[in-house]
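Some structures are shown below for you to check.
Two complexes are shown next, each including subunit A; its partner changes from subunit B in the first to subunit C in the second.
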Partner chain A sequence: MSTPVVMPQMGESIAEGTIVRWIKKVGDTVDRDEPLFEISTDKVDAEIPSPAAGVLMDIAVKEGETVPVNSVVATIGAAGEKLAAAEPGKAGGVAPASPVLPDLPDQPDQPDQPDQPDLSDEGDRQKSSPLVRRIAKEHNVDIGRIHGSGIGGRVTKQDILSFIEGGGTPSIDSRSARPASAPLAQDQPPVFRGAGDQVVPMSVMRKKIAEHMVVSKRTSAHVYSVFEVNYSRVDQIRKAKKEDYERAGARLTFTSFIAKVVVDCLRQHKVINASIDGDNIIYRNDINLGIAVALDNGLIVPVVKAAGEKNTLGLSKAIQDIAERARAKKLNPEEVHGGTFTITNPGNFGAQFGLPIINQPQVAILGVGTIEKRPVVVDDAIGIRLMGFLTLGYDHRLVDGAVADQFMSDVKKGIENFDPAQA
Partner chain B sequence: MANEYDVVVIGAGTGGYVAAIRAAQLGLKVAVVEKQSALGGTCLIWGCIPTKALLEHAHALKVAQSAKEWGLTGIDGAGVGIDMVAVHARKDKMVSGLTGGIEMLFKKNKIEWLKGTARLAGKQGVAVTLHDGTTQSLTATKEIIVATGSAPRSVPGIDVDRKTIIFSDEAIHLPYVPKSIAIMGSGAVGVEFASIFKSYGSDVTVIELLPRLVPGEDEAVSTELERTFKKRGIKVMTGSKVTSAKSGAKGVDLEVETAGKSQKLSYDLLLVATGRGPVTEGLGAEAAGLKMDRGYVVVDALFKTNVPGISAIGDVITMGGPHYQLAHVSSMEGILLAERIAGHTVQPINYDHVPRCTYTEPEIGSVGLTEAQARQQGHEVRIGTFPFRALARARMAGETDGFVKIVADKKYDEILGVHIIGPRATELIAEAVMALRMEVTVEELIKTIHAHPTMSEAVGEAAHAAHGAAIHL
Partner chain C sequence: MIDVRRLGLVSYADGLELQRALVDDRKAGRIPNTLLLLQHPHVLTIGVKKDGRQHILVPAEVLTERGVAVFETGRGGDVTYHGPGQLVGYPIFNLDPDRRDVHKYVRDLEEVMIRVCADYGLAADRVKGMSGTWIRSTRDARSGQVSDAKIGAIGVRISRWVTSHGLAFNVTTDLDFFNLIVPCGIADKAVTSLAAQLGHPVPMAEVEDAFIRHFSAVFEKTPA
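== the complex of A and B ==
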């Protein structure tokens, strides 16, 4: 008995995954739920456990290859089972003892469609050719969307030409809001390489970030508002409540307060917690708060789901949990989807304020600048207060300046007048 | 039942015997009916293989004749001759080694060879008349494969007596070197024999109805072949029609019309190389209900005839138009058909990617569209040509005639065709065939490293030329 291992469907919006690394080799023994391979999907990296105990018989998708979800990527055989012969039907000169092919005695005729690819090759959809890639680049076509009629599902010249002829090509200007794919190097002038320069292929995550950032810039009309906020009050509350939180297994940080206030304000300003879909506006029922987390070689935005239903302690715990698991690559891919508003914290590294790019399909993002003691005017005198800048990046297609500033004004007030009973 | 097989193949040429082996490899029980005394058909017995033997002899002769230039001692260049009896003995030995090899492969794959003729007999039935006069009825439970091939064919008004007016079948076994020979038709067969006989010392005239030699090839190739032929002393009469051919006192008397002017010419021999026609005599194709077109068996892209259970491959088929009559096409068809019968999903052949090889001196290898075809199909054409005279390896070999020509499309940098005339052209074309099949761009070909010093560098250089300029020109 052998068990096929498939590319898991890691989230409803995830159509494909890339095998980043095989943790086990062909021939290795695996236990059920033992990590088998590492994948990278839209945004998340995850280790995928083996669905069965046995021996890894065959790896069908190599490292670095991207396949649609539910494609068979490997086969687990029963312990002790022999490795399958490399290719049935191609066994050397000697006639096999028993026919390798299923005997189809009374099957009247073989199917007429000659270009029907083997189902087993489903996973190799992305095979193409230099010519096809060239045509794809010129027409901004995602080859993965084309049915390949060649051997092993290779997308041939004929396939891509009929795809384009059939109107499959989404041109950038016609529906700029949702480009099917965003080639990174589009119209990019040639890049010179100097002696000693190092050329390193991008990681999957880096490519995705690059793609998402360009898409967002092209999609939204980014505008920014910057507010300066006095954190002295929340700092006092933080010091007073810190130990209570620690006892509860949480850390009370400035982000906890900001998140709580933002959630409350989003409830009042529904247009900030929204999306644009074609000619429609979607006002979100839930507030799902994205928290940008810097990783060693990238960035990820896990989401605190139903943040609107959480108190400050609950938010603190949730943020802490997803941030830790993001750094440990232990996120469930579902946890990076469905955000409705994002908070990012460039101030962590000392920035006075940042001008963050909106995380699509959201319409606004809050950037938290560094929080530090500054001289401020207090009742016609100069005092020292704990201050920081907050930046709202918003999509002017939906959010006008007045609305954004009212939201930010409420956030500022909420932080500066934080009710200790809420903490 | 003793005479029941999965597959019965009629004809053991390159199409039939390859289909049989592939089917057997896939676990099918196979019988082959072949009337000749050896397996291998036209290719092995009268065509590709023996002509290549004659070609190699011609090459050996050429080296010996220019012994002085090569610094060979002990050979008197001027007095070097060729003994056709020895030539044929070596050739026949090679050929029987190869046909015997197929017999071995049949045994190894447990394929039954019935030595006789076959006739289609009802559903799944093949009636075989063995050479000893006995008959056998075979049943093919899965498929009957018609692979009966082709034979040389003349044109109306020219009667081939197989003595002074001959076909390639006779030319290949000619036990002497004719003093003079006229060759009608300048397709691959015609020009190959022209090249061989000229090397052996015959006075050779090629008569072609169309305005240029090898009319199927790119025009530049035709021009280069004509130039080298004339340089070697082969007479070329293009745009000329043989209006009469009669055996005469000293051989054959011809009347040839060129541009409205008729002239009488005499030669020892006339080789008629005007093409090949299908062999279906005695097959009972019509009686079996097979749809035919001008004598060819009509098949679809996966070689099915209109009669369920009967498929056909090779020179005997048509898919609606002219079909390549080439051994390597037949064998690929045989492989695909066997796989189809065994239940594999197979894809039709892309006949635009068939390599065409002509073993003249210099050789010709080509694949894909000619420049004229590409322009006719509306491509914005980009051409890259590189002559062998600029190539170190070609100079060392003393074979500097010819060139590599790449026909590409400007828009996507697609390689549409590659046309090679020159040393090893028939080997060099393999890279181009792969390039077309894999849909390689000219840019990719440029970035492919070609070993130095080799003839194949000319391919890389031609790719460079297509993008502007070759390095060594």
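== the complex of A and C ==
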């Protein structure tokens, strides 16, 4: 399977990058993380490593050219894969011949202007083949308005034909020419539309969430384990230390304690902080803690990097920072990548516990249920304690029930016996 | 923590070699974030841009006569002059995970130079669209022209978020040498130095001390 290589985001305010030099040539074999090309932005040159091992099959952006971040600049294929499969400008040709406009001659894609990059269309940086651009011109359609389902957001022939067929409303049909790795609604039967129904295209975020969730359900063998935890002790510590934290510009919350205990327990149970890569298990060196944050109409999981090196105050500050920036839409794209374990908080709205879907390629996720006073048995009497459920969703391909429960048992003990000196 | 190394005069080639080794060490975690402070003998460095040599304004014989070496580097950017009296700072820093923003990194380097200038009562500034540290509307001693003049230049290289190269800050630099080139291809901007602005020379060691102090503050690290 081929891996697209994109222009990386080197900073919050950086919208584009210039390729200064290709270190590898088409046909060269590259290792993962081996330097592939060099880019230059505002007095800074950066060497960009390959995202995958394989063969450099295609260079889409030549030396000296400037493209927006996240544009596809090259394709890495598995060793032995045919070079022709990723020839530039052919993505549109991959789509099956259209049943919609059969009178349109299906001519081969030939550049009308050789060596002219696709970006030349004014204000329209979206990639497309010459055929697609010709169809767009004939139908007086602005390609920039169409969502591209091809590699790197390329607008395929199928995309533009569906767009025209739909009377110019952006198509939500993404079944065509989609790479095999993105199996959205592959076999979905036609959905009927009743009178008065509203048809709204999914946002990019919605589509990503949908894809991610389906892929995860298909990838991992989800199993759940639920523990009830007594939060009375950390509640007392929280009340005692609250002001100290506020003076340091941080909020001491239940999440602070849970995160600290989880990080400590992940260090002991390395199999929970891991990934599956083919037939290999990757035990992560760092603990990068994903924190699910609900947004209007969506959800994002920013990551606290190197969470294992932070104390409770550092974790509280970092979680607060990324959560606030997530809500303000001020995260750097790389801040939502690289997580090794995720905490999500379905209890915010009163859920006793949730059964969250694993955030791939991780192998486990912790769901925090609502925390409330409940009657519990204490020394053969009934007492009132601050209680809440914790759920671990784990991938049974790698994590067995006994291991997951030992981890959860340690998390429970860690919270119930939290050392005030650690707060 | 920052390991600060004051190296004195180092040839450009040795400087490159040292940086290469330290970048590898930093990537492997064998060394902490490290700041090299040094000066180079007279040298013009040319980037990979094809027209780089066009910005050298004199023939090769004149360069030889004045003892100026020419060095082609792998970096982007244009032609640059380094020489005695110019404080060169090469931070070998891992920007991952907490400082992964190259623009911010460049702005931080500018901030350090602005603060050093402020120590000497000099108001330095940024010029939009042009990296480096500038003194606004200053009169050139020789030409009498008033223009913005660059006191500190920036050129950075990043490999897997580990930085090399960095900045060059004119302390007592002989500004005549800049007449050999169009600095960074910007023809209508002048070059200045701390000494030219103050009207008297400044000891390099003193500027290095100020530089280390402000660098540590801006990058929120303790110097070792």
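Assume the second predicted complex is superposed on the first by the 243 of 423 C-alpha atoms of A that agree within 3 Å, B and C clash if a C-alpha of one lies under 4 Å from a C-alpha of the other, contacts with A are read in each partner's own complex, and residues count from 1 in each chain.
Everything below uses one rule, namely that a contact is a pair of C-beta atoms (placed from the backbone, for glycine too) under 8 Å apart; a residue touches a chain by one contact, two chains touch by 3 or more.
In this text, all values refer to a predicted model and were calculated from it rather than measured experimentally.
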Which of subunit B and subunit C A:Gly194 touches, first, second, both or neither: neither
Contacts of A:Thr156 with subunit B and subunit C, given as first, second, both or neither: first
Touching partner for A:Gly278 - first (subunit B), second (subunit C), both, neither: neither
Touched partner set for A:Gly350, first subunit B, second subunit C, both or neither: neither
Greater residue coverage of subunit A in the superposed arrangement, subunit B or subunit C: B
Residues of subunit A defined as touching subunit B within the complex: 89, 93, 95-96, 98-102, 104-105, 107-112, 114-118, 129-132, 134-135, 138, 149-151, 156-157
Subunit A - residues contacting subunit C, complex: 10-14, 20-21, 33, 35, 38, 40-47, 49, 305-306, 332, 334
Subunit C residues within the subunit A interface of the complex: 48, 75-77, 96-98, 100-106, 131, 154-160
Subunit B to subunit A touching residues, read off their complex: 24-28, 108-110, 141, 301-302, 308, 340-348, 412-414, 438-441, 443-444
